[in-house]
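Okay, so here's the structure we're looking at.
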């Protein structure tokens, strides 16, 4: 039996367990800047109740898995966003919520706005909408969890692996 | 006692405690959900029963971060230090008549001594993290837990006097005819308040007050180290619920045959857990100076009064004891109500006043 | 203490009543008719887009999220739409495009699940035919000066025009 | 429009004030207006404030003068509380001499507003105590609201983002050059962090002061507010509110968009109650373009405005409870809010961004049956408010946390230009719905709840009372909804209001929300300024926080109800 095979046999069940756990538990960081943050709050409220899926908002980036960029990011905020992202522990995911985070949205041609958070972070899921419905955000979180269950790597891992992630270079 | 038996006992106890920790975690999220017209975890296992496992596993698989400026040794030691007392405390815990960890003659003393280690861990964690929020959280925890241990111990003094022993199994057996909650309701009230403070739970969750201190002393902890703090907290919830049951609710005593005593014990313990969760989700949080004031100026004098009146009641008879306790309880409720009113004397809900434009 | 007890009683009351949670991924809410979440393009009987490629929506869009490609017919002055794209990740769902659609082709829908994992995926192609496949002159359309001035009169110059002009 | 005839009022307001000229109404509106010279500015304003009772600074902004006359003009609006008379004052500044004396000595609340004008226009306020950038990064180059500011090219902003990521942008020049003015210098009425942080701590304990940065990412900073604190233990010695983490160039972008598109844009400034910004903006547009609004539309505007106030207060209630550690009120409030948002979605098509009001009316009538269902829903809301009041109002812990905490004196309220529930909690009895009835408010009897002493609990209680009042007004609007058009016919699609200026205000859930609009006769606004109530409300906190504890800060900030979108714009 070669080493690879052995590792595989040993690691596979562990990997399966880990994928299962990552597919059933997702702690987003409470990070909201603008209008979308209010809809992000709605996601936690009784009608939508994301806790059904093990989605549980954490305040400290250290303990969070997923950063929901809810709102416009401007040039003053950008370094802080990057810092927060760097403070999170891997594996970490980013959801660009709303048109502003996806592309800058209505404010894209302003002098102070980052045109899409994918310019500073690797984004896993884009949620269009202005603001998106809470269901859409919930759908995005579930998308990430499903991808985790299936063992698909996050955008950040793709990026470190040298593959293209987020916005293709233009 | 053979080494094998000790080892077996340790394994069984740790397994039982960890299992219960997980169940308490699930109960917290589930019951909190229902108290808020939500559902709580639903997808992971039956009604989300596997949710804590998924969370813990996921945290195990996460990157372990340490801030560059942190005190490395202390930062690594703190989570272990936090979890250690939560397990160690069970060495003195009787589960049933036939099944006790180590039956100390001064069991209750041992329990409080070990529990007092927890704030040390929090202080260490807060200090080592090199984060201003963590430090504030750590200091708050130390101040709060040391202050609230005093009224707690004083409240238990009444129970000890009634049983005439500090041995936990003797205290339980002493309640065979009438539970301490009947003879010591006021002491239970004090004990319960102190317990909430020990557990860092609302309204006393200052050390981790998420809206003030982000996550308090846990702010910089990630991965399994964070999970250990998390687990320690929930283990403590179970631990103190168990002790409240043993001290005030007759432990394993109940109408079922003695062999099934653990059923009673767990039923009562989980009732206590529910009470703790219920209180948590109903209340806002106190301010740190109000908390200290309440601890030193209200709880400690009240606990001393309790000791005095209990002693008096024991010397006379049971009816006097109960009457005194009820009177004390009523007085306490009135006093606390007044404290709130005093602070709010300046403001009342304004009546809509019409002013001509 | 009485206030605390009142609060505890209130939340206990919630516990014994059923939860208000909607089971979202399993039960999907039917959005009201006016909801502005996504877009659709009406088709006529022959399956062609109900759009005269007048560019009013593209010009009126404050976010420049609409991209229209059209062809000029060889036989008549009418133009034919070949591709209609909306960048949902740019749109602010204000509804100005739908409001002024002259041929009643562009509509809002209540479809809110537009999540994608690639930035390019937010481009919603509402209508697309192979350029030239309709047997028309493959010359790309530009608005006539008269039409342009009408647009400018209606919506004012947009920043886009300034861009184009400068 | 209950203010007296414009000419008379203008004459009366400025009669006998030395140093004013060009007295007359503003645009085609009814606001008395005058111009003055920079050197006379402080004298004129102090005469208005001290001599004539114009104690409220409503607006302080700048606008570019039309292209042929290069330069700027400063625009000030002050209000007299007694009869709610507004007076505008303009100061013309020539290019190359963009200097004007600060009026922070008259109103402390002017200091942050002047910082904003300095930041965006480059006007130097001589004698200003702390003239730094307030919304943009310290190392930002240029003053973007000037017409000559080169807008960045469209497309991916890689270089700018790389520049932004390279530093935090806090290390730029701290003070604007040449701001000192020996003849006229003003100091702030509260301690500043920069000074206090260096000061020695407690002499007995030999403690050091701790400088704590709260935000921009902090769970109770309501978005991206950044509080800079000097702490002595847990005691706050000095506080400074920094913002701009959500500055999205709204006012500048509106200058290149049609009036109809601007309606959609201004929705996003106050994102928890968009209707009010829409209404203020459209009132100004309608005044400039002289468009009549049918009665039914006015009623619909009142109805939606009151519902928006209700949901805004729901959001505030949720955040306030959350700040104080009570999680359950958040869920209860949001459950009710969702019920109202469903109606927003049904009526306007959007849950939060409505774009529902139109020049001359509203977009659409109520859908069939909606009025009945809305009434049923609203009738249930007071009982529901009782439900979540049980969690906080009577709770001893909540009372201990809020009563007597963060007391704001009525003088401070006026000094900082605080409006809305915050002012009313301090017994400053202003409410534009009652004082200057706009839309259809003249038909409604608006009762205005007042606080007792202006502490955090009063602000809480006033907002709760306002929620009930909003439900009542909304029901009244449904009851009295007239028949007729919902939009006045014949409003052109392309709005080109004639050149002029208008300043219209509405009572938003946070206070006096004004829109100063200048048109140059083209299809886009020449200058759009949103007078943000939350901005002024926020900047009173450095005066209120010192002396309190960290826990008090959370309670006070929760009661201020900041909406960063509106503050930064």
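Letters A, B, C and D name the chains as they come in the text, with residue numbers starting at 1 for each one.
Going forward, a residue touches a chain if its C-beta (ideal position, glycine included) is under 8 Å from a C-beta of that chain, and two chains touch if they have at least 3 such contacts.
Quick caveat, the model's predicted, so the values are computed rather than measured.
*Asks:* Would you mind naming the chains that touch chain C and likewise touch chain D?
*Replies:* In this structure, the chains that contact chain D and also chain C are A, B.
*Asks:* Per the definition at the top, count C-beta pairs in contact and tell me whether B-D or B-C has more.
*Replies:* Ranking B-D and B-C by C-beta contacts puts B-D first.
*Asks:* So, comparing C-alpha centroids, which chain is the farthest one from chain D?
*Replies:* Most remote chain from chain D, centroid-wise, comes out as B.
*Asks:* When the centre of a chain is set as the mean of its C-alpha atoms, what distance in Å lies between chain B and chain D?
*Replies:* Here the centre of chain D sits 45 Å away from the centre of chain B.
*Asks:* Suppose each chain is reduced to the average of its Cα coordinates; what separation in Å results between chain B and chain C?
*Replies:* Measuring from centre to centre gives 55 Å for this pair.
*Asks:* Would you mind pulling out the distance in Å between where the CA atoms of chain A average out and where those of chain D do?
*Replies:* Each chain reduced to its C-alpha mean, chain A and chain D end up 33 Å apart.
*Asks:* Taking the mean of the CA coordinates per chain, how far is chain A from chain C in Å?
*Replies:* 25
*Asks:* Going by the contact rule already set, what residues in chain A reach two or more other chains?
*Replies:* 46-47, 49, 52, 59, 106, 108-109, 130, 133, 167
*Asks:* At which residue positions does chain D touch at least two other chains?
*Replies:* In chain D, the residues touching two or more other chains are 154, 219, 264-265, 268, 328, 331-332, 335, 353, 391-393, 395-399.
*Asks:* Send over the residues of chain B in touch with two or more other chains.
*Replies:* Residues 33, 35-39, 210, 214, 281-283, 336-337, 340 of chain B each touch two or more of the other chains.
*Asks:* Connecting every touching chain pair, does the picture come out as line, ring, star, complete or other?
*Replies:* complete
*Asks:* For the complex, give me every residue of chain D touching chain B.
*Replies:* Its residues touching chain B are 84, 210, 212, 218-220, 234, 321-328, 331-332, 335, 391-393, 395-401, 403-404, 429, 434-435, 445, 447-453, 455, 457-458, 461-462, 464-465, 469, 549-554.
*Asks:* Could you list, by residue number, the parts of chain C that touch chain D in their complex?
*Replies:* Against chain D, chain C makes touches at 1-4, 6-7, 9-11, 14, 20, 31-36, 60, 62, 92-96, 99-100, 108, 152-159, 162-163.
*Asks:* Taking the touch rule as given, give the residues of chain C at its contact with chain B in the complex, in rising order.
*Replies:* Residue positions touching the partner: 1-4, 7-8, 10-12, 14-15, 17, 19-21.
*Asks:* Over in the complex, which chain B residues touch chain D? Could you list them?
*Replies:* 35-38, 132, 136, 202-203, 205-206, 209-212, 214, 281-290, 336-337, 339-341, 343-355, 357
*Asks:* Which residues, counting only chain A, touch chain C once they are in their complex?
*Replies:* Its residues touching chain C are 46-49, 52, 99, 102-106, 108-109, 116, 118, 123-130, 132-133, 135-136, 138-140, 142-143, 155, 166-168.
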